[in-house]
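Just below sit the structures, each encoded as structure tokens.
Each of the two complexes below includes chain A, the first together with chain B, the second together with chain C.
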Partner chain A sequence: MLSMTNISKVFQTDEIQTHALRDFSLQVNEGDFVSVTGPSGSGKTTFLNIAGLLETFTSGSFLLDDINVSGLNDKQRSRFRNEKIGFIFQSFNLIPDLNLFDNVDVPLRYLGLKGKERKERIEHHLDMVGLASRMKHLPSQLSGGQQQRVAIARALATHPRFLLADEPTGNLDTHMAQSVMSLLEDINTKGTTIIMVTHDNELAKRASRKIQIKDGRVSELDKVIDHDIDVSPQAIA
Partner chain B sequence: MFFYYLRMAKISMVKHWGLSLLMILAIGLGIGAAMTTITVNYMMSANPIPHKSNQLFNVQLDSWDVNEPYFDDGRPPAQLTYRDAMALMDARKAMRQTVQSQANAVIEPEGDDSIPFQVSARANSADFFTMFDVPFIYGGPWTRQADESKEQVVVINSEINQRVFGGENSVGQTLKIAGFYYKVVGVIDYWNPLPRFYDISTGAFNETEEIFVPFSMIAEEKINRSGNTNCWKPSGDGFEAFLNSECVWTQFWVELPDNQAWQEYNDFLTAYVQQQKAIGRFERPLNNRLLNVMQWLESMEVVEDDAVMMMAMSLMFLLVCLLNTVGLLLAKFLGKSGEIGIRQALGASRRDLFYQYLVESGCIGVAGGLLGLLFAYLGLQGIDSLYGEMTRGLTELDATLVLSAIALAILSSLAAGLYPTWQASKVQPSQQLKSQ
Partner chain C sequence: MNEIALIFRALLRNKVGAILISLQIALTLTIMVNAVFMMQERHAQMQRPSGLDEANLFYLSNTIFATDYNQEVALRDDLELLRNTPGVVDAIQINAIPLSGGGWSMGLQTEPGENQSSAGVAVYMVDDHAIHTLGLELLSGENFAETDIQWRESGTTRWPAKTIVTQAMAKELYPDDWQSALGKTVYISQTQPIQIIGIVRALQAPWNGWNGVERSMLVPYQMETSNSRYMIRTEPGRRDELMPIIEKALAQSNKGRIIRGLRTMEETRERSYRGHNAVNKILTTVVFTLTLITGFGIVGLAMFSINRRTKQIGTRRALGASRSQIMGYFLIENLMITTLGVVIGSAGAIGLNIWLVNTFTLSPINPVLVVIGIACIYLVGLLAVLYPARKAANISPAIATRTA
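== the complex of A and B ==
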């Protein structure tokens, strides 16, 4: 479903060449809940950006739903992102000028849905995260945990197959973090594949698969629950 | 998506109202200044009789001094001598023709308590009214026969008709003008060709005359001619000598229906000049001009150089305002890098973002255009109050100009928005999302 083989990502400036990912190989299957840990600067976010088609890679092969994404143009990548991938960020990344309804509406607009269906989806997903009564509020009027719930509602509104979460609990207190984590687990049980980058080992352990990235490589695979894990030399690299 | 983009633009403009107001103000000032001068130039260079301007021709003959051209660039005099004008009239080679001159007179209304008053007048031939499509309320033009038999007939405008006859149908009434009685044959409706192409020697933007009498009244000395007179040698003593002099003071127009008629009339003019050369006149090289209305206005440089220069300067000012707007839009859109990154992550393509921010630029343009119209109106009122009669009819915004202002504002703001929008759509989402 998500297959990265020998992916390399090099950031080039005039004088410095930085290898963010080196021969990075990973396969994620449908329904997986993969946690990604690793020290700062190890390449976790770069991996997530490439997986979310927000960034291109320097070499290697990346298949998403059996489609080679390196051949897609901007419009196709945007469409792919819109239809198949949901994002959750550490800093929530809600649009501050828009109320909750309009924030959740953003990806649905690009999906091209009719007004009635958009409204139903927005209300349903805000209800799912317990914020239906506050849909006319601005993000600044919510707590951090509530904002992250809105971000989750927005990510799920397009019914994505992948949910990419970059430190989704990083800005939340323990209680809120547990709450958001439970929500993600619930979402995963309903079939959405989740890849979550986190610094928190306790949260990482709750994922069905745990990988660690170090110096741009997948350095460790930890099978937490019984899942098919690619342990080929390429994947471990 | 257009209406969604419109709503996003509204939210953005309200949220960042200070920056939006600055941009609207910049575009408004630029559009206002540009539209003020464009309006004046547009009115100056308008076709005053569009449906037949290609069939009406002003006649110019070079009867001027052999040692010195009339105009430095070699153009012949803008007017004809009386003797040449009368010779052309007598020949009647065109479908219609009129000789004319500006005049002035005093009207002496009937009644003991009526006070005489001065009016502007035009002495012209019968064809004048038909050639120039002068609209009549009552009656009509006098006949060619009236011209030839030097009848004392008059056509008056509606204001004089109101003043002297109370607005009633005055056809058949008599009017005492400069001591002579004239029979009213027609009352004309409001008629205000702009520029006043048929006689620009005394100002292309002056009012049309209040009364019209046969041209023969000047030679009969029953009405005083006025207007521009130029002589290159002494005119001699007495009015008869003046009429036979080389002084130019009459305007001569012909109506020619097609190219063949134009060619034939041009040949006729050439033959006339050759004939005059044979008797010792027209010593300068053959230099006849037979220009249609728009060629004539262009030749006489009706649009003042100052006005053109002002327009060029105001367009440069608009450019400066737009460059300011580019800077402000760039600041605004790049300030939205975070939002742009989020939208990209959620599925917006660069094209989507480009359109969204272009719509916002267009909205700023529309608002700027409306403000610009207000500024243009105030600017034109300012010109009107400064120059008064000199700019009569030049300071009015019509529907074309209003639409042009809006179109100019939208196009300008879209042009100003292109670079910032392009830059905004190039934002790398991955860099923005982490730094939010």
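== the complex of A and C ==
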């Protein structure tokens, strides 16, 4: 599903070269929940950006859904992101001038869906994250945890194949973090592939696969077989 | 285009900057349209034909200081000298110069009497060479005969029996049929009859700002005056060459006067409309500057908006917006702001024009001018937002994952 082989990413300035990723190889299969940990500057975000087609890579091979993404132009990459990838950001990245309904609507409009279908999807996903009653509220009227749940609804509304989460709990307190994590686990159990970058080892352990990036390389690969997670709606709310 | 509703709602939550720019656009449109309208009015005034062969005409002043000066004889000698100078087509004595700013005016009326309405008219006292000298086109009737020319002593209130009027004056006197003016007796100084024996196409009055500038009359007079003017028409292309020759010849022919103030009709026209030209240049500068400031205002607002929303733009890109969609977002946003400004500005432009029409008796604005103004404003808005929009479109989607 996601196949990176010997991916390198070099940031070049006039004086220095920085190798953000070196011979980075990773396979992610459909339905995986992969957590990515690593120290600051290790290349986690670069990996996530490349995986999410937010950034290009310097060398190597990257197949996403069996498509060689290095051959895509900017417009095709945008379309690919819109149709197949959902993003969850550490800072939620909701658009402050739009209410929750309109925030979830943004990627759906890029998808070109008709108004009725967009409305159904928005209401369904806001309902799924427990915020249907607040769809006319602005992001600033919500708590951090609620904002992140809106961001999750936005990411899921396009029915993506992958969900890329960049420190999704980084700006949340422990209780909110657990709630969001439970939501992600629930989403994963319903079939969406998730790659989550996190600093929190406890949360990372809850993923079905755990990888660590160090100096731009996958330094550790660990598969978690069993874990007991409560994904009931009460735990999510 | 599929984001219009979202753009509008987002704009409503950031109204202040948008409204200020809209008001600036409105002000620009209001001023632009009315300034261009005023420039057009002035330009049209400047383009009116004077009726003269301007390119080949010049005039001079003949100021007499000698006490034993026989003006009647000297005038006859001067005109003979001028008319016989090689290269001169014809010459006359004239009491006033068209478009010069100074001259005589009287009232003509179709019925005699103090209580009858009269139409103002510029009076040119000339002889039977006037039509040929000035290059006028006689539409109907006839020229003065040599015998019609009278010697007008200073201070007299008597008027000759014949006149030639312009077509505009004939229309003013006989609006239903200007040609019927020919042969008619009209009245000057309320009661003195004067017969219209000819109608010329055009001869402008000395005052370009007068709304009756096209209304003039010729009367067959040669004048006794210590400061007369001679109008001289030369063969094409010989005017500048002949001006100093004639000045010298006249000065030498009679030592009892000073020849001065030589000026071409082209220069007179230029001086006459110097104010118009200056105002048009000022208005052009104002319109240009205001448009430029508005353009910069749009650029500034768009750049500020983009800098403030860099991460938001990156997020939109991450969510699937293509570069063209981001560019379209800012173009549409600007279109909305411009449209608000255009709506207010159109109302302002028409309102200001109504005020100008009522206050300064200008003609109403041509709606086409408002439409052209609107098109210009949209074009300026589009050009102004292009660079910021392109800058926004080039923001990397990777910005979305930056935490700062």
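Note that the second predicted complex is superposed on the first by the 225 of 237 C-alpha atoms of A that agree within 3 Å, B and C clash if a C-alpha of one lies under 4 Å from a C-alpha of the other, contacts with A are read in each partner's own complex, and residues count from 1 in each chain.
What we mean here is this: a residue touches a chain if its C-beta (ideal position, glycine included) is under 8 Å from a C-beta of that chain, and two chains touch if they have at least 3 such contacts.
As the structure is a prediction and not an experimental result, all values here were calculated from the model.
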item	value
Superposition on chain A - do chain B and chain C clash or fit	clash
Partner chain in contact with A:E123 - chain B first, chain C second, else both or neither	neither
First (chain B), second (chain C), both or neither touched by A:D23	neither
Chain B versus chain C as contact partner of A:E185, first or second or both or neither	neither
Greater chain A contact set [chain C / chain B]	C
Contacts of A:D215 with chain B and chain C, given as first, second, both or neither	neither
First, second, both or neither for A:G52, with chain B first and chain C second	both
First, second, both or neither for A:S78, with chain B first and chain C second	both
Shared chain A surface residues [contacts with chain B and with chain C]	45, 49, 52, 54-55, 74-75, 78-79, 81-83, 87, 89, 91, 93, 95, 97-98, 106-107, 109-111, 154, 158, 166
Touching residues on chain B, where the partner in the complex is chain A	1, 4, 11-12, 15, 338-339, 341-352, 428-430, 433-434, 436
Contacting residues of chain A [partner chain C, same complex]	45, 48-49, 52-55, 74-75, 78-79, 81-83, 87, 89-91, 93, 95-99, 102, 105-107, 109-112, 138, 154, 158, 166-167, 170
Partner chain B, residues of chain A touching it in the complex	45, 49, 52, 54-55, 74-75, 78-79, 81-83, 87, 89, 91, 93-95, 97-98, 106-107, 109-111, 154, 158, 166
Interface residues, chain C side, partner chain A - complex	2-3, 6, 9-10, 13-14, 311-312, 315-325, 396-398, 400-401, 403
